[in-house]
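Chain naming follows the written order as A, B and C, and within any one chain the residues start at number 1.
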Amino acid sequence: MTQERTYLGVPLHKPKVAFFELSSCEGCQLQIVNNEATLLDFLSLVEIVNFREAMTERSNDYEIAFVEGSVTRADEITRLTEIRRNAAVLVALGSCACFGGVNQLKNRFHDIAWVKKEVYGKHPVETEAEAKPLEAFVRVDLKIFGCPIKKEEVEKIVTNVALGRPVQHPKFPVCMECKANENICLFDLGEPCLGPVTRAGCDSWCPNSRMGCWGCRGPADDANVEQLRNIAKKHGISAEAMLDRLECFGGFASHVDEIRGKAKAKKTASAAKGGVNPPSSPLGKGRRR
Amino acid sequence: MDNRLPLVDIMEEGTHRRHDDIGSFEYTYKAEIMNIYPMTASEKLYQIQIIEPDRRNRFSFQPGQFVMLEIPGVGEAPFSISSSPIRHGFVELCIRNVGNLTGFLARMQRGAQIGIRGPFGTQFPVGEMEGSDVLLVAGGLGIVPLRSAILTVLENRSRYGSVDIVYGAKTPSELLFTYQYEMWRKFDINLSIIVETPDDEWKGPTGFLTRILEDRVAQAGANFAANTYAIVCGPPVMFKHVCGMLTKAGIPMQKMFVSLERRMHCGRGKCCRCNIGSTYTCLKGPVFDYWSIMNLKEAI
Amino acid sequence: MIFKVFGKKELPRLFDVIAVNRVVGPVQKGTDKNGSPLHTFGEVRDFAELSLDYKTTILSAKRFVLPFHETLCTFRVTENGWEKDVDFNVRGPTVFFGLHACDINAFNRLDKVLMESVYPTPYYASKRKNMFIIGTNCEPQPYCFCRSMGTDTALHGFDLFLTDIGDRYFAEVQSATAYNFLLQIKTADPKEKDHQRYMDVVAEKNKKFTAHVDNTDLTKILDMEFQSQAWKEWGDKCLSCGTCANVCPTCYCYGVEETVDMNATGARKIKSLHSCNLIDFAEVAGGHNFRPERHSRLKYRYYHKHRGFVEAFEESLCVGCGRCGEACLADITVPEVIASVRGEGH
C-alpha cells in the first residue's frame, strides 16, 4: 500500500481518469501522450483507467472523464450520456468538445445531402446535420480550450485538480502573450488575426510562427469583436475573411450569429430598397438553427 | 585595459540606502497555523504564529493593518488582522472560503506551515480617539478588521467615552465572533446587532443597520456628533449610506474612518492592482478617513 | 558635464571597446506590409547589427529590467514545511547602446517608484544598477509627443549621450566608466562651432514635433472630467488587449501567479506584467470587479500616468514615446484622448 501524498499537509487527490473521443482527430489526446519528459510526473498525479491511444486496459470506474471531439452522430449522444453518468467530473477537451470545433463548419451549409456528397462522395457515412459541442447534450464541468490543447496547460490543470484548486483560465486576449513573446503584430504584416479577442493561454502559439490567430480558444472575457471587425476593415481585410476566422472553431458562434443576423437584416432592407442580392452560394446563408 | 563592467550586487553594494527594505521585499516569515476555529459555514478564524522566535518578537501591528498570507505554490493575498495588537506573538485572521487561496487554506490543518509578510497599511486612529465617544459600525465581513479596533478599545476601556458597536449581517448564521458578544457587553459597550433576514430563533431587530444608527443618532440628540469618532467597515455600498448619514448627523469627515479592500499582489505600492484612481490602497490605506475617500474617484 | 566630439568612424571602435560586455541595442526585427523596417531592442554582438538610425522600437527596453514574466522565487516543499529560494535574476552588466531620450527618461521615472521610493524593488534595482547606457539623438516622428512631456532631452540617467552633428558625434559624458571608454578611441574637445552645431541640431529637432499634449492643469481636468462622455467613447473602441501597457516603457503593473510543480515537491511564484485595461485587473476573490467596464479601465490608465504619478512625483509617468498609440489597433492615442477629455475637437 502506498502512503497518501500530501502538499503542506493537505492530501493530494489521485483521481481515476478516463479519456474518450467523439468526432475528432484525437490530436488533443496525442498532445498528452506527447510530453515524454513530464509523463511520469503526470502519471503520478492521476490513475488512468481508460485511454485508447495509450493503453489496452479499459474500465468504467472513473471520476474524471476527458472527452475530446464534437457530437456529430446519434450514437455519440448515447455514449456521451453514459460517460456523463459514470463521471463525477466531465472535462471537454479541446475546441471540438468545447465549441464544436472545425467539425461545426458544416453547420453553415443548409443541405446535408450536398455536404455528404462533397465530403464523402460514393462512401457516405451516417452523420447528423450539425456538429455540436458536448454542452449541447450534457453538463460540462470544465473546459480545456485549444486546437489542439496546450499540454502545459493540461498539466497545470491536472496539478490543480490534484491539489483541489479551482481551475482558472486567462480572461484576457492572446495579444498579452503575443506582445510578451515580442512578435510583430500580424496586422502590421497585413494579415488578419483574432488575437485581440481570443482567450489567452496558448502562449500565442500561432502568432509566434507568424500565423494569425484563428480563435480556437474562443472569446476572451469582454471580447470587443465588433471593434476588431472595424479594425480589420481599415487594414483592408475583408469582412468575409474575418467571418471565416470567427466561424472556424465555433467559439465565436454567438458573435457570428449576431453578425450574420445583422447582415441578413441589412440585405433584406437593401433588397426592399431595390438593392441587388449577390448570387446565392452554399456559403454565407446563415447558420442553421 | 579591462573593459568589463563590474557586476553590482545590490545586497552588498554600500550605496543603497535601505538594505533592510530591499532585503525584505521578498521576505516571508515562516508561520504556523496554531489553531483553527470554525465560525460559520464559510468562515474560519486562523491563529497564526511566526515560527522564528526572534522574528515573532519583533512583529507588531496596529488595528486596521493587514498581512499578506502566502501558501507556497497556491497564492498570496491580503487579510486584515482581527486580533488585538496587545496580544503579542500571534495574529488572528478571519477568512471566508471564496476562492483559490482561501479554499486551499480551508483544507489545511493545525500545524501546517504557511507564510506571512507585513504588517502593511494604515491603522484605525485608536490613540487619537482616546477621550472621545466611539461609534464602530460593521456590515458583514467588515467586523473582521473592526474586531482589532474593538479589542483595543475594550482593553483600554477607561480611555474612551461611550462606545457603540453596530453590527449588521444578512442572516443570523452569518454573524461572526458570536461567542464574544457577552464579553464585549461586560465592558459597558452598547452592542446592537441586526440581521436582514431573520431565522426562526432570531429575537433581535431586523433590517439594514442604518435603522439602528438612525435610532441611535436620534436618541443621542445634539450631543452625538460633537465628540464622536466613527469607524465604518463593510461592503462599499454600505459606506455611501452609513457615512452619508453620519455626516448629516454632524460627525466631521476627518473623524470618520473606513477600511477598503482591493486586489493586491505586493503590499508595497508596486503592483498597482489596489490603485483607487491613483492612490495605492496598500500604502495610503486600507484605512482612510472619509474626507480622503470623498476625494478618491471610484473609492466607494 | 564633460563634452567630447569624435568622428563617425570612431563609433564602431567604441563599440568594440565596449562589446566585451553584453550589449543590447536597436536591431531590425522585420518589415511591415509596406516594406518599412520594424525595430526592436535585442542583444548585439557586432556593430553592423545595430540600427542606430531606428525611428522607434515595437517594444521598449523595459523588458530587460521588468521582464514580461519573472520567477520571483521557488519553493522546496516537504511534508513539514517549505524553504524559499529568491533570485533577482540578474544577467550581469549590460550596455544599452542607442537609447533615445524618451526611453532614458522612462527608466528615470520607473526609478522613482521602483528604486527610490520607500520600498525599493530588488528585482528591478538589481538589474537597473547593472545598466550602462549610451543614448543617441533622434528624429521626431508623427506620433512623438515627448517634448510635451519634458522628455525630449535626457538630463541624467545615462553614461554617455551621442548627438549626430553631421560629420561627428557630440558626446555628453556622465560617468567615469564612459570617460575611460572614450580614452580608447580618438576624441577631441568640442570647439565653439561644435557647440553651435549641436544647438542647431536641437533647434532643428524641436521644429519637427507635430503631436502635442496640453498638460496645463491636467491633474485637475482629469478629476473634473471624470464622468466625461469622451471616456465612454474611447472605451467602446478599446479592445482591452493590454497592448498599450506591453509596449509602454513605463507601465509596471503586474500580477502574480503561484504554481505547484507536477511532482508536488516544488513550487514557484511568477510575476507577469499585467495591464490596467485587462478585464480582471481590479477583480477580487469572490468575483467582485471594481472596474467591469472597458471605459473605466481605460480611464484609470490615464489616471495613473497623468494624475497619480504627477501627484506623487511631480511629473507624469508618460514619456511621450507614442508607442502605445502606434501599437493600438483601435487607434487610441494619448494626444487624442487627452485632447478629447479637455473638450478639444471631440
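Some points to look at:
We adopt the following convention: a contact is a pair of C-beta atoms (placed from the backbone, for glycine too) under 8 Å apart; a residue touches a chain by one contact, two chains touch by 3 or more.
Just so it is clear, the model here is predicted, and its values are computed rather than measured.
Inter-chain contacts peak for the pair B-C. Distances between chain centres, each the mean of the C-alpha atoms, put B farthest from chain A.
With centres taken as mean CA coordinates, the chain nearest to the overall protein centre is C. Mean C-alpha positions place chain A and chain C at a centre distance of 37 Å. Averaged C-alpha coordinates give centres for chain A and chain B that are 44 Å from one another. Residue positions of chain A touching 2 or more other chains, listed in rising order: 7-9, 163.
Residues of chain B in contact with at least two other chains: 71-74, 99-100, 113.
In chain C, 77, 81-82, 259-261 are the positions where the chain touches two or more neighbouring chains simultaneously. Contact residues on chain C toward chain B in their complex (touch as defined above): 17-18, 20-21, 72-73, 75, 77, 80-82, 84, 86, 88, 90, 92-93, 95, 113-114, 117-123, 125-126, 129-130, 132, 177, 180-181, 184, 223, 226, 252-261, 266-269, 271, 274, 276, 281-286, 290-291, 296, 300, 303-304, 307-309, 311-312. Chain A contributes residues 5-9, 12, 38, 41-42, 44-45, 155-156, 158-160, 162-163, 171-173, 175-176, 179-180, 182, 184-185, 187-190, 195-197, 220-222, 224, 227-228, 231 to its touches with chain C in the complex. Those residues of chain B that touch chain C in the complex are listed here as 1, 3-11, 13, 16, 18, 21-23, 25-26, 28, 30, 71-77, 96, 98-102, 113, 115, 261-263, 265, 268-273, 275, 277-279, 283, 297-298. Interface of chain C with chain A (complex): residues 29-30, 32-33, 38, 40, 58-59, 63, 68-69, 77, 79, 81-82, 236-243, 246-247, 259-264, 272-273, 275, 278-280, 294, 327, 329-330.
Those residues of chain A that touch chain B in the complex are listed here as 7-10, 163-166, 168.
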